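As written, the chain order gives the labels A, B, C, D and E, with residue 1 at the start of each chain.
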């Protein structure tokens, strides 16, 4: 479904990604973790081409996202993305947020788009809020709207970039529950998160990055119980050690 | 067209024009400084707890913004003498420019102040600073930074507005150029030259703004 | 000042309204173009637009009108008064509005554009549906401030022969020699014309504030 | 442009002042009127075409002519040598005088008496040139946009004296009766019609027209109507100002 | 040191605090927790009078912070506060951030203020960054500067409002370590946080709030092992249950 081979990415002289190889099968759930600045966001943003990359190849659903390729739009329609800061459109209501892209990018008419939006808002359990503006919702509610908005494009895969780290502790759960439900329905997912409980529960594989390279890649059981690299162990110590 | 360009009168008048540029520049800079003072002072009063002061500021802003500069400058120059206040053209022009620019500056700066998060004020208060200190030391600079482009655009406009001061015989570029024109009747040459001079003055102003921006507002942002 | 003179001022007012309408429509359309080009992300276009803004912000509207109407005629381009005023006011307004709107477009958080891209919205939809509505809110006070000045700036159109409000005031004042009275009334008429705009601006500002909170 | 071309298009476009009574001004009803308006209309009638007036400001009279916006100026154009380099004057058809108006209680008899005074003039008008030329360097000259502002400056007390023409005192009297009078006369001025340099046929036509109305009394009619003084003697030549194109 | 008796606070018609009684002795460390919207921030902000309250009394260090009292400045100089969003002043360097209030509010001269600032930046282990601007620091570093800035006023007590919840997981530790060091030196502290590991380690008492009232108050051992109220149990389940 998604495959990266030898991907390299530079910001000026600084190399943010170095020969990344990764492949994600249909229905697979990947959790991406690693210290701050290790390139997790950069990697995930390359996949739907919010960032250009300079080396290697990325294929998404058979389409090659080459350097300056024209296939970007096709890929973006197939791959949904959820941001840490939600990035809801503040001037549109929840419903309008969800209807915009299906109407403008997929050409649905208003009734169809509204139908679809209502269904998905229902699914993330937020249908009563559909006439409100984003600023009137709590963080957890906003993030669920963001998920619904991405799902309205009927994507084949979803990318999550730290979807819960801007949330109050109590709201984290409602978003994680939504993501777990999505995972259970078989959505292909790549998810940057430090919620190790979630990783343990849904991930098929955990990918650990540091300084722009993939250091380790393993199923959760193995990753947590038997991390191979020193760097991984140190990281797990800091993230898990506090409670 | 049987019209040939002849720049001799303009070249003869060049010393005069250059002095006039300085006049325009003086008007612009002094008017601008006054406008900044009025702008900042107005914003402070506008946030005052005293309702009357707030309404006075709003009234001032609306009165000045919505009437032509020419009328304002006429009023100060021709009507104030009726009340015994007689000012020379240059002070009149500076005051009129300051008041006019100040009214716009109040609105612009107010926008900037409102864009500063409440957390900044709270952090200042929590450190034991007074409200006035918080405004002066903490709010003002970041606020000015956010609205700097609008504010400088407004001051460029103020620079160009100095030309209206020629109506009350202030010494500046437009009036001097019009004299050269009316002596020589070389309108095109004069207008062309003056346009270039205005462009130059605006450019200098923009450089000054850029300098201050680099000097005071270049601290990094997220 | 008699009834007759007042009516004459009102005919001037009519022209001022017409000129303002032209300036608003042409200026806003062109200003939007300038702002979009200025933020296009293509280095060369951005530099050219920055130059355009610097030149037309930096030269007095009066000179622009003079050059367009009389100067171009000298080299054989005869424009009628309406065309000349439209061109002059458009250049002037587009430079200022372009700069104001550029600022507010850049002030819209980058995450908004990214979210729109991730939803595979094209450039037009991204701008029209996502960025511009937010940018307009941000720029509202500055925009209203400039439009008000633009209304008053139309008085310079008298140089190409329009007897608009200020010019009409001049004519009357030269007939009855009471400039204070005449310009007092002219000022009041401008006030009546501009005030609805600033009031409406303040109203919109409040409305946006409540909608986003 | 030639008289033939004007006849062919059927319309004479006359540049005229819009705010300078009694020469050229727009009435409150919006109609162009005044001495120059009557002149323009008469000349158009002479050519057998319609007349169209373009009201101009002091500062754009010459550009409007040279850039082809108007065919001819009947616009209170005082005949000055420098102007004659930019436009072609006809023979004079109107006379005026530039004077200094000052307070009755002040003795101003010679140019030197202007020392230390603040004098208002309308920017770019003939009185500006004359006052600038004649006043000693200790006098302060303030130049305003238009007649009204310069008069108002005197009335408000912003200036001590006013440079103007023979019609100014009337207006000053209306605002502050009995306080001011004409003090000095600087210059007799003559107004002529202006055409573009080198347009010979039109210049000839205008001069012929002025001769004709002088002779048949039509000029006197207009003079009586607006100037309310007898038609003066006009000079046949002025230093540095050719009446005919060559 | 700090005592609240019968404090009531309304936002319009909404009652945010209801008869709060609490007293904090010198050197005591209190952790305040509770669901979102329960009034924790409101309570802590009343103590240094960033919010006015309408009922009851608050005494700080012997000074009565009455309704409209004039003693506010004195209290604010004695009580430092650290915010969730750091609220560093973006236009001042780290050093200037720390020097501002001592100079302007305490009247120290420049040398004294600088001296003090450098000492405290040293203490939060950030002295190499003193010439940088806030935007050039990581979140964890910014929060440590904020702590140093508050300490520069030599406060008798410190208030923390969720100081770690805007931080990346890895940076949380460095801030918590700073707070622990402060606690060990005997600083009086009231701290709103959901870091239960921290609470367990340093708190003398944990105060649990819900809907504007104090529901339960107990030493950590008792609080975690044997919560008395249903509401507390539910909350602990959600906050601790995820890992």
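Here, contacts are C-beta pairs under 8 Å (C-beta built on N, C-alpha and C of every residue); 3 or more make two chains touch, one makes a residue touch a chain.
Since this is a predicted model, take the numbers as computed values, not measurements.
S.K.: Give the chains in contact with both subunit B and subunit C, ordered by label.
M.R.: Touching subunit B and subunit C alike, sorted by label: D.
S.K.: What chain is the most remote from subunit B, judged by the mean position of CA atoms in each chain?
M.R.: A
S.K.: Need the CA-centroid distance for the pair subunit C / subunit E, whole Å please.
M.R.: Computed from C-alpha means, the inter-chain centre distance equals 51 Å.
S.K.: At what distance in angstrom does the C-alpha mean of subunit C lie from that of subunit A?
M.R.: Computed from C-alpha means, the inter-chain centre distance equals 44 Å.
S.K.: How many Å are there between the centre of subunit B and the centre of subunit D, using C-alpha atoms for each centre?
M.R.: Roughly 37 Å, centre to centre.
S.K.: Subunit D: which residues touch two or more other chains?
M.R.: 59-60, 63, 66-68, 149, 152
S.K.: Any chance you could list the residues of subunit A touching two or more other chains?
M.R.: None at all.
S.K.: Multi-chain contacts only, two chains or more: what residues does subunit C have there?
M.R.: Within subunit C, the residues that touch at least two other chains are 66, 70-71, 74, 179-180.
S.K.: Hey, which chains are touching each other here?
M.R.: Chain pairs that touch: A-C, A-E, B-C, B-D, B-E, C-D.
S.K.: In the complex of these two chains, what residues of subunit B are touching subunit D?
M.R.: 1-3, 74, 77-79, 81-82, 86, 89, 166-169, 175, 178-179, 181-188
S.K.: Write out the stretch or stretches of subunit A touching subunit E in their complex.
M.R.: 35-36, 138, 165, 168-173, 176, 194-198, 235, 238-240, 242-243
S.K.: Using the touch rule from the top, collect the residues of subunit D that touch subunit B in their complex.
M.R.: 58-60, 62-63, 66-68, 82-83, 85-87, 120, 123-125, 128-129, 142-145, 149, 152-153, 156-158, 196-198
S.K.: Quick one: in the complex, what on subunit A touches subunit C?
M.R.: 48, 50, 73, 76-77, 80-81, 83, 85, 87-92, 100-101, 104-105, 133, 135-136, 149-150, 153
S.K.: Per the contact definition, I'd like the list of subunit B residues that touch subunit E in the complex.
M.R.: By the definition above, subunit B touches subunit E via 117, 119-120, 122-130, 133, 137-138, 141-142, 145, 217, 219-222.
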